[in-house]
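For reference, chains read A, B and C in written order, and residue numbers begin at 1 within each chain.
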Amino acid sequence: MLTRGVAMMWLSVIVLIPVAAVVLRSLDGGLSAFWDAISAPEAQSAIKLTFISSLIVVAINIVMGTMIAWVLVRDEFPGKRYVNAIIDLPFALPTIVAGLTLLALYGADSPIGVHIAYTKAAVVLALLFVTLPFVVRAVQPVLLELDRDMEEAAASLGASNVRIFRSIVLPNLTPAILAGAALAFARAIGEFGSLVLLTGNIPFKTQVASVYIFGRIESNNTTAAAAVSVLLLVLSVAMLFAFQLFSYWRTRHDRG
Amino acid sequence: MNTSEFGTQTRSRKIGARLGIAGVALAATLGVAACGGSSGNTIALVAYSTPQTAYEKGIEPAFKATPDGKDASFSNSFGSSGDQSRAVESGQPADVVAFSLEPDVTRLVDAGKVPANWNQDQYKGIVTDSVVVLMVRPGNPKNIKSFNDLTRSDVDVIDPNPATSGGARWNIMAIYGSQINAGKTPAQALDFVKQVIGNTSVQDNSARDSLTTFQGGKGDVLVGYENEAIAAKANGVNLDYVIPDSTIKIENPIAATTSASDAAKKFVTYTRSDAAQQIYADNGYRPVVPSVFAKNKAKFPIPSGLFTIDQFGGWSKVSDQFFGDPNGSVIKIESELGNPTSS
Amino acid sequence: MTEASRLSRYSLRFVALFYLAALLMIPVAIIFYRTFQHGLSEPIDALTSPEGMHAFWLTMLCVGIAVPLNTVFGVTTALVLVRQKFIGRGFFNSLIDLPFAISPVVIGLSLILIYGPNEAVGGWFMDNGIQIIFSVPGMVLATVFVSLPFVVREVMPVLQEIGTEQEQAAETLGASPWQTFWRITLPSIRWGVTYGVVLATARALGEFGAVSVVSGKITGQTETLPLFVQSEFQNFKVEGAYAAALVLAILALVVLFGMSRIQRRSDVSVAGQVPAAATMAEDVPLDPDKKENN
C-alpha cells in the first residue's frame, strides 16, 4: 500500500538513518572498545541512575497523569481552562529555563524552604517537570471520546465509583496511559539540559547518562559516547517494547 | 456521532489551519531571507562564549572603522570552546577562530582547517590572557587565600567538571601547578587535586553554569577565570575574587583558518593592535601587548607565583596525560572518587 | 451524587491541583516574575532587537514546517500501525519513540554525521548549492526529528479505542477510502490529533540541544528563540532570556487555544447536525452498544 510505504519511508529517513549512523560510530573501535565504553564503572552508574529515576518518574506520571486528565475532562471548576492550557508549558520552555526556575524553587536559596537540589531526588523532580504533559495528554483524548453509557449503566446497577473506574474505564484507558508512559520514559532517558543545574552532576552520585555521554564527547572520545548512547537506546527500546506488550496483553485480557 | 456535514466542517477548518501555518512559514522564510544576507566580504568568526560582548560591541565595530576593515561585515558564532572547535572540524564555515584553550585550535590544525604555523608569530597565537582565581562571597567570610584552602572541611567548592568543560582544565592545572611549585611531587600534587575534587559539591557542565550555581547560594568558593569574575561583577553579580599567589596564566588563542580571506587575516592582526587590546582590557581580559598591559596594570595584579602551562610540557602533553579518556590521571581520579571498589 | 463520590471528586481535584501547583504553576509564575522584575524596558529591548526578532521568525519557520509535516505523516503512520498488520510492524512501532530516548546532543551529532559538509550525503547537497548543517535546513531537520512521535502516539490509542465498525459500515455503504477517512475517521480522532499537534508544537518550540549543535549558532542568522535564550543568559542579560522564554510559552498557549477553538466549533456544528445523523442511522442499523461488541 502506498500509505504504508510513505509512512515507513518517512520514519526511515528521519529516524532510522541517524540512529544507524550512531550505531556505526559506536563500533569504530571494534567490539572491545564498545565493551570497554559501556562497562566503565562511571557509565554503568550513570545508566543505572538514569534508568531507575526514569522508571520512578513513569510510575508517578501514570498515577498523577491519569488523575490530572480525569480531573480536566470530568470535573468542572473555575479556571479549569487555564489549568488545561499550562500543562504543556514545561515542554515548550527551553531546558535551561526549566533548570533555572527549578533551581530557584528548590535550591540553596529556596523561598519555600525545600532544599532538594544536588540530591538524587532532584533528578526525579526535574524529570517530573519535563514529562508532565505526556500521560495527561495521551489520556485526555481517549477520555473525551469515551462512551459514558456503560459507566452510567453500571452506576445505576449500584457499582461503586472505584469499581466502575477499575472495570470499565481503566481498561479503555490502558493503551493510552501506556503510550503516554512510554513517551515519558523515553524523554526521561534522554533529558539533558534541565538536569545539570539542579543535580550537581557528581559522577557516581548524581550524574545521569546523557551528561556522561556529553562528557565523553568533550573528552574527544566520541566512540565511547556513541557506545553508551547505543546501550541506552537498546535498553529503552526493550523497555518500550515491554510497555507495548503489556498494553497488548491488558487489552486482550480485558476485552476477551 | 459523526455526520457528513460535521466532517466537512472539520476538514475545512483543518485545511484552513494548515494553510495558515503554511502562510506563516512562507512569510517567515521571506523574513529570514531578508535578515540573513552575507556578502563576499563577510568574516565568519567562530569563538567561545565569554568574549561575545567584547567582539560584537567592541572589537568588530572598531575594526570596521579602520581602513583595513571598512568593507568588512561579520557573521559571529559563540558557544562552548570545545563545541565550537568540533563544529568547525565538522565543516562549519569559519575565517577566524578564537577559543579558550590551545587544544581546540590544535584539533583544527590536525583537521587541516588551520595552518600549522598559526602560532609562530611573536604572540605565539595568543590574543588575551587571564588567570585562575577564586571567587568568594562578598567580604570573603571564609578567608580563602589560595588553593590550599580548597581542601578545608568547612569549605564547599564549586568547580566545573573537567571532562565536560574543556575550559575547566585550566582550573585543574592551576590547582595541580600550585602544589608542584610548593615543592610536592607529582603524585602528591595529584592526590591534592583528588582531595579538592572530593570536596567539590557541584560539577556543572560549564563555567557559566557553575557561576549560576554559585549565584544560587550554593558553595563557598568558585574556581574560575579572572575575566569571568570581572564580567560577573560588572553585571551586578554579588561576589569578590581572590588571586592566589601561585596560579596559572590562562592563554586564549586566535587563528585565521586556511580558507580565510585577506580581510580576515587583517582582522586577526588587528586584534593585537593597541586599540583592540584596550577593548579586551575593558572587558576584563589581560592584554598580551606589553605596552597596553602596562597601562592597565592596576586592574591586573601579577601574582608572585604565576606559572604557565609550558611548565608541564604545554597542552599537547597535558591533554593526554591528565585529561585523555580514559587513562588521563585526572579522569581516573573522577572514577576513583566515586567507585566504591577502588582507592 | 453521593457523599462518598463528592468527597472523592474533591479530593481528586485537590491532589491533582496541588501537584500541578507545586510542579508547574509556581515555576511558571517565577518566570513571569523574573522577566518583569526590573521593569519592562529590558525584556522589550531584548525581544525587539534584530537578533530577538530574527530568532522569533526562525522559530516560527522551524515549527511551521516541522509540525504540519509530522501531523500528516503522524496520522498516516498511526493508521498504518493500528489498522494494518505486516511484518516489521513492531519494529517500526518502536522506532517512533527513539527520537526521545536519544539525548539531544547525540541527535545533533548524528545529523552532522550524515548531512555534514564533509560527509557523503551532505557533501552531495553542498555541491548542489544546498547547505544543510550549520544552516536553516539542518535546524528544520532536527526539529522534525524531535517532534516526530507526538501526533502518532496521541492518535494511536484513540484509533484503538474507537474501533473499526463505523469505518466498515461506511465502506459497506460504498464510501471510498478517502471519504471514509475525511468523514468518519478524522473527526473521531480529532482530539488525539489536537493534542498531538499541541505537544509536537510545544516540543518543537522548546527544542534546544539538537538544534544548537546543527545550527552553527550564528548570531542573528541561525538562532532560534531557545538558542537566543541561551545567548542572552550567557551574556548576563537575564531578563532578556526570561522574556524570550515567555514568548515561547505564549506561542505554545496560542497553539493550544487555537486548536481547542477549532475543535469546539466542530462540537457546535455536531449539535446542529443531529437530525442528519438520525437519518443515517435509520438506513443502517448501527449497534449503539459498540463497546461491548469489541
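Points worth noting:
Following the convention adopted for this analysis, a residue touches a chain if its C-beta (ideal position, glycine included) is under 8 Å from a C-beta of that chain, and two chains touch if they have at least 3 such contacts.
Every value quoted in this text rests on a predicted model; they were computed, and no experiment measured them.
Where touching is counted per the definition, the chains common to subunit B and subunit C are A. Comparing chain pairs A-B and A-C, the larger number of C-beta contacts belongs to A-C. Spacing of subunit B relative to subunit C, judged by their CA centroids, is 35 angstrom. With centres defined as mean CA coordinates, subunit B is found 33 Å away from subunit A. One inter-chain figure worth recording: subunit A and subunit C are separated by 16 Å, centre to centre, where each centre is the mean of the chain's CA atoms.
The set of subunit C residues touching two or more other chains comprises 188, 233. Counting partner chains per residue, subunit A has residues 104, 214, 217 touching two or more of them. Per the touch definition, subunit C reaches subunit A in the complex via residues 4-5, 8-9, 12-13, 15-17, 19-20, 23-28, 30-31, 34, 73, 76-77, 79-80, 84, 86, 90, 92-107, 109-111, 113-114, 141, 144-145, 148-150, 153-154, 156-158, 160-162, 188-189, 191-192, 194-195, 198-199, 201-203, 205-209, 225-226, 229-230, 233, 241-242, 245, 248-249, 251-253, 256-257, 288-292, 294. Here subunit C touches subunit B in the complex through residues 50, 54, 57-58, 60-61, 64-65, 67-68, 71, 112, 116-118, 122, 133-134, 136, 166, 182-184, 186-188, 190, 212-213, 216-221, 231, 233-236, 258-259, 262, 265-266, 269-270, 272-274, 276-277, 280, going by the rule given at the top. The touching residues of subunit A, when paired with subunit B in their complex, are 36, 40-42, 45, 100, 103-104, 107-109, 117-118, 196-197, 200-205, 211, 214-221, 224. Put simply, subunit B touches subunit A in their complex at residues 82, 86, 107, 161, 163-166, 200-205, 209, 212-213, 216-218, 323-326, 328, 331, 334-335, 337-339, 341. On subunit A, the positions that touch subunit C within their shared complex are 1, 3-4, 6-8, 10-11, 14-19, 21-22, 25, 64, 67-68, 70-71, 75, 77, 83-98, 101-102, 104-105, 128-129, 132-134, 137-138, 140-142, 144-147, 149-150, 160-161, 172, 175-176, 179-180, 182-183, 186-187, 189-193, 209-210, 213-214, 217, 222, 225-226, 229, 232-233, 236-237, 240-241, 244, 251, 255.
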